[in-house]
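Going by the order they are written in, the chains are A, B, C, D, E and F; count residues from 1 in each one.
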Amino acid sequence: MGLVVAFWILAVVGILGALGVVLLRNIFRASLCLVLCFLAVAGIYATLSADFLAGVQVLVYVGAIAVLIILAIMLTREVERGSLSNRLRIPAFLVAVLFLGVVSFAILNSLWSVSALPPLEPTTAALANRLFGEGGFILAVEIAAVLLLAAILGAIVLVREK
Amino acid sequence: MTVALSGKEIATKIEERFPGSVVKSSPDSLVVKSEFLLDVATFLKTTPDLDFDYLTAITAIDYYDRFEVVYQLTSIKHNHSLMVKTHCYGRDNLSLPSVVGLWRGADFQEREIYDLMGISFDGHPNMKRIVLWEGFEGHPLRKDYGT
Amino acid sequence: MILNSSLNSIAYSSTLPPDWPGGFWWHWLLFTVIIIVFALTLVMGFIWIERRGMGRMQARLGPNQAGPFGLLQPVADALKILLKEDIIPAKADRIVHWLAPVVAFAPALMIFAVVPFGDGAMLADLDIGILYVVAIASISAIGIFMAGWGSSNKYSMLGAMRGIASVVSYEIPVVLAIAGVVLVAGSMSLNQIVLAQDIPFILLQPLGFLLFFIGGCAEINRSPFDLMEADSELTAGFHTEYSGMKFAMFYLMEYAEAVAISAIIATLFLGGWRGPLLPPWLWFVLKVIFVFFIMVWTRTTLPRVRIDQLMALAWKFLFPLALINLIVTAIQILVWPDALPWILVPINLAIMALLILLWSKLFKLGWGRVEV
Amino acid sequence: MEVAREHIYSDADLDRVEGNQIEALKAHSQQPFPDPDEWLDEKLERNILLITVDAALNWARRSSLWPAICFPACCAFELIAANASRFDLSRFGMEILRASPRQADLMITAGTLTWKMAPQVRRIYDQMAEPKWVIAMGACAISGGIFTSSYSVVPGYNRIIPIDVYVPGCPPRPEALIYGIRMLHSKIARRSLGTEAK
Amino acid sequence: MKFERYGIGIAKGLRVTIRHLFRHPVTVQYPEQRLNISRRTRGNELIWDKVKCTGCATCAKSCPQGAIQIVTSTSMEENKYEVEQIEVDTGYCISCGLCVEACPFEALYMGYAYERAKYRRGEVVQANEQLLPSPQRQRSGYMYPKIADELPRQTLLIERITEEK
Amino acid sequence: MRDTRYARIMVLKTEPFILNIGPVHPSTHGVFRMRTTLDGEVVVDVEPVFGYLHRGIEKLAEERTYTGVIPLTDRLDYVASMSNNLAYCLAVEKLAGISVPERAEYLRVILAELQRIASHLIAVGAFLNDCGAFFTPFLYMFREREKIVDLFEMVSGQRLLYNYMRIGGFNQDVPDEFLPALDKLLAQMPRFIEEYERLLKENEILLARAKGVGILPKEVAINISASGPVLRASGVKWDIRKKDPYSIYDRFDFDIPTGEVGDCYDRYRVRVEEMRQSLRIINQARRQLPAGEVKSEVPHLVRPPAGEAYAHIEAPKGELGFHLVSDNSIAPYRCHIRAPSLLNLTALRDMAIGWKVADLIIIFGSIDIVMGEIDR
């Protein structure tokens, strides 16, 4: 029961937050709505017993990404007016409708197999095993790490003073 | 001991270089014409055995019939000093050449003289009131202020 | 929100001690009350300790008129601030301005949910305890930023910018330092970490402790990293435009965060509630106060660093050291899983000294004049 | 190295605006504010219930008077001396000098006030949140002191803001200031929620 | 910024502050404890000796402030003025002591007290009887070494420090 | 028009950010405004705006007797009133040809040097406070100053604005308890200076903050007429006490401490060293102090002959000069004050450009200005 109530609250908050991001003119407030949305998603993770994921969601998205977005907004002019409508309005609307269609189609047509097993406790160890254990995704993780390193090096090279 | 150079000796040197520039000279000071002020100042600063590289102070004194602007010059190299004066006649629209280009220490002092005495300095980059506000009536250090 | 849902997930797990009367809800209620009382009392106590301690270190007395030994001074401050007029500047973004203190203050209290006051005596023994702490702590930066933005004041803005920059950079060495501890303890639950500390981890992880202490101080903006409210530069930083109740929340937040960081340090590195003779909670409080006292002490002594030095310290000094510390710890655990801790202690101390010497020699922190 | 770049000087317009502000304030404040001293003659008539509440509140207010930063001149050093180790205003919970006037309760006007400064002081006073008090410290703050006859000095802060306690002296000793602060304490003790509401 | 000294400088500083924690504070808790102020204190009030005063108004003339108002009338008997009104605005007075120095008849003294705060501007002005000496209004030894010798010795901070060391 | 003006100088091409620091700001040491143009946190330009404490002292001096001006001079550099009194009295004595008794000369030196220590204590404390050390050094320094203030209070009866020197000497001799107290102070002071040196002298953070920051090159320092510790920190050995000895300074043996590069740290070091040198001077003067009168015969109303005189001293902040013009009346015809702080302030812009806001604050702190003197 508690879980259901929590889910609905979080879902409503998350969607409201997402709508706020799209609809608010003031970019700063929009970014705050984004934070709210992230938090709601983290909450949903927690209700699904994926507490590690919830923690990481808050740490990475709220603590780092949202903060960086806000920092970027600082460098924007005329924050209160936000982005004004322009000629791309109609194409954008079309793309959005298209995207909505694709997502709905995907959701309606996938076969959702609901597991009867109780959630794993604790999730951290299971995650670690899945990633780094036998038959895990160790190669993918390593590749991701190398990619990130390359990206960092690239960034350093780009911003280095001549 | 800082040697106060005799105004008379310096005056002859200046006269040699700029004839007719010295109005008056006495053992402790000399008075130059305001047209020659900048030339004399440059001369005093750049002549090797004078080397007045340090402008100690600028003062303006209101003598009713004239304003006297006093430059206290010091040479840190030779440790001697000199008092150079110049006169400004009249009460309105007074102006003197600015020495900011030679000694930047004159910056605030000239602005202050402009503010309080009402003598403006040509060539000063930012000639406006310094301690009083824009719109203040008169120049308070003048003797006739407030009477 | 997160707290609630995390708790819900706990309700279905088996970490709850079964002998609690009334089960989960009693536990929840009791510990919520305990946490609020504990946190607020400690906050008051810390304000008093800081003002008195700093006073004594500065050869004066500090508050001693309000109540015995000035103990009621924080109470008076709180009462007074709460009743002061609440001003919202005309140009401010009203909603953001209003919400900012709440967003900043709530996380500081939420951290205590996972801090053990005794064996298992905590609101929620989360498996991801320490991760939860780090995640929650990063939220208050957003509150601070909202305050800086919402006040439409240049000083506030500068302060908030600095705050954000420092939080983003210092999170990394802090998390890496924590990772070392987690490796040694083999768990992220704070209670488990305490239980694993047969000798305090400050001895096993001296470098980790140093990094965490510096990073923690920077993250909560304690001196010498109090750049965002640097009163000699930015009048009062992000809360320049705040008065009354909302300012009170910021003021409390500052100290609540200090309590939180002290509590985390005490838990991670000083053995938490463990100790001989005295009851566990007393040990815990004593250790927290000890850590906070060190903070007061450094605040009294040290000048403030500059913003670029602050960033450089994080990226060029703390970050590589934290990485090396993590690698060294991992190697130690893999290669000598059964090594006696007493042998590792001197080795780790030596490593710490060596690394600091090396980095001091090699790297320049911050830069000088910018050609404009 | 000499900085060769040209200056960015402030706009003449802004200076003129500042000048106009000053002149306007000057024209506006030829008469001193009356001292807020009605409470001295007032009889204590209070609601019994309110008395305890009042007592607690007033205790809190006077135990934590945070001064705002407004230290134009000489007296500032006696104020700092009062705050420093030897006299230690922090005993009264006053060591937190709030740089932001919004968080301050008390303005100690330590020093000469010039007309150029007057609009700023007025602004600080307006920015302070209620309840707020002002102590005029030193002769300059009371009457302009040695500079009364000057062309640029405000003859006393009470031309600009109402003043609660006058501490004469030039500058007053730290003890004299503390005495003034304690007088202010007794004034605060007479406050009442009832009168505040009016 | 290079960490050239490996934190030794910081450690030294920390040592100094922690040592102060165990030293005695220098604070004087004013309302309860009082410092003996200087014997020559120039309290911001004047003390007037009605008997010695001849009403010559030298004090008023030498006051750079014009804070002393003195109204006199010529008295018939003796060649002497009668002081009708003497008024000092302590709100103006800068306690420079020049009036006391100038007084040729030793009729004016600086005050020894300092607790003069008032709630009203008007109360700061002192006149006639208020200027006479009384137990609360002692005379200071400024320019009067004889009075100075009777006053208590000034408390000095240096002496307090040596006791502890 | 405005945009182009800024566009020329912005490197990062960000919005010009104009920040008015002051007039009421915790670190402007009084009422002072720095109109800074920032590029991010980097100072692009800074224009000092002052006058918020302009009280017209020079005008007021024309309306007072020569003795009546002394209280006014107190209020110039109010943390160093004795030095101001000394400079003014020297100027009047030069103008009127008054000589000063031997004992008074020695006492003047002792008091002026004590005042220098007191003023430098505040300067150093405030500088360290601007660096962000949370009041601790400031309070320690203030405690030391308090000891000196005790002595001043003993001789003059006031704690801040002493008004003790008179034309031709002093208004009264120092009390008997002064000399023992002075001896005690002299014995203790070096130890305490050592202690405060330990507090922050080698502190890594302070070194990082102050070393190499706000360099004022020698030539610029001379060109902008800087004086006092600011000039000496730039490496110019110029001290009026040595170069143009007034009073009896030629009888004492002391050094002129100078800096090497002229950064904030050097200015801080020079001040601390000067305190030590001042102690040396006081020690010598104390030993040689003769007995005798402290005031020469000077009429109640001084009436110097018509003429003009300029007397300057090495005040704690630099060269303090009084240019007096007399018209043979009882009041000065014109009294111009050459204020060291005002001219040292010219250096602010040169030193601060290109540094961060935080550096601007400590550079400003290291100049050690007092608004009373700048605005007058």
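Quick note on the criterion: contacts are C-beta pairs under 8 Å (C-beta built on N, C-alpha and C of every residue); 3 or more make two chains touch, one makes a residue touch a chain.
Not measured: the values here are computed from a predicted model.
Chemist: Name, by label, each chain that touches both members of the pair chain E and chain F.
Modeler: Where chain E and chain F share a partner, that partner set is C, D.
Chemist: Minimal path length between chain A and chain B through chains that touch?
Modeler: Tracing touching chains, the least step count from chain A to chain B comes to 3.
Chemist: By that same contact rule, can you tell me which chains touch chain B and chain C alike?
Modeler: D, F
Chemist: If you average the CA coordinates per chain, which chain's centre is most distant from that of chain E?
Modeler: Chain centre farthest from chain E's centre: A.
Chemist: Farthest chain from chain F, comparing Cα centres?
Modeler: Measuring from the centre of chain F, the most distant chain centre belongs to A.
Chemist: Applying the document's contact definition, name the chain pair with more C-beta pairs in contact, C-E or A-C.
Modeler: Pair with more contacting C-beta pairs, C-E versus A-C: A-C.
Chemist: Using mean C-alpha positions as chain centres, tell me how far chain C is from chain D in Å, no decimals.
Modeler: 37
Chemist: Determine the centre-to-centre distance between chain A and chain D, using the mean Cα coordinates as centres, and give it in whole Å.
Modeler: Inter-chain centre distance comes to 52 Å.
Chemist: Taking each chain's centre as the mean of its CA atoms, how far is chain B from chain D in angstrom?
Modeler: Distance between chain centres, rounded to whole Å: 42 Å.
Chemist: As a quick test, compute the distance in whole Å between the mean CA positions of chain B and chain F.
Modeler: Roughly 25 Å separates the two chain centres.
Chemist: Where does chain E touch two or more other chains at once, residue-wise?
Modeler: As it turns out, chain E has residues touching two or more other chains at 1-4, 7, 10, 13, 16-17, 25-27, 29, 37, 64, 94-96, 157.
Chemist: I need the residues of chain A touching at least two other chains; which ones are they?
Modeler: In chain A, nothing touches at least two other chains.
Chemist: For chain B, which residues are shared contacts with two or more other chains?
Modeler: In chain B, residues 129, 131-133, 140, 145 touch at least two other chains, as defined above.
Chemist: Can you name every chain pair that touches?
Modeler: A-C, B-D, B-F, C-D, C-E, C-F, D-E, D-F, E-F
Chemist: Please name which positions on chain A make contact with chain C in the complex.
Modeler: 2-3, 6, 9-10, 13, 26, 28-29, 32, 35, 39-40, 42-44, 46-47, 49, 51-52, 54-59, 62-64, 66-68, 70-71, 74, 119, 121-124
Chemist: Which residues of chain D touch chain B in their complex?
Modeler: By the definition above, chain D touches chain B via 7, 9, 12, 15-16, 18-20, 22-23, 115-116, 151-152.
Chemist: Contact residues on chain B for chain F in the complex?
Modeler: 1-2, 53-57, 59-62, 70, 72, 76, 79, 83, 103-109, 112, 116, 129-133, 140-141, 145
Chemist: List the residues on chain C that touch chain F in their complex, please.
Modeler: 54, 57-60, 154-155, 158, 223-224, 226-227, 230-235, 299-309, 365-366, 368-372
Chemist: Can you list the residues on chain F that touch chain C in the complex?
Modeler: 9, 11, 17, 19, 25-27, 39, 41-44, 128-136, 139-140, 143, 199-200, 203, 205-206, 208-209, 212-213, 353-359, 361
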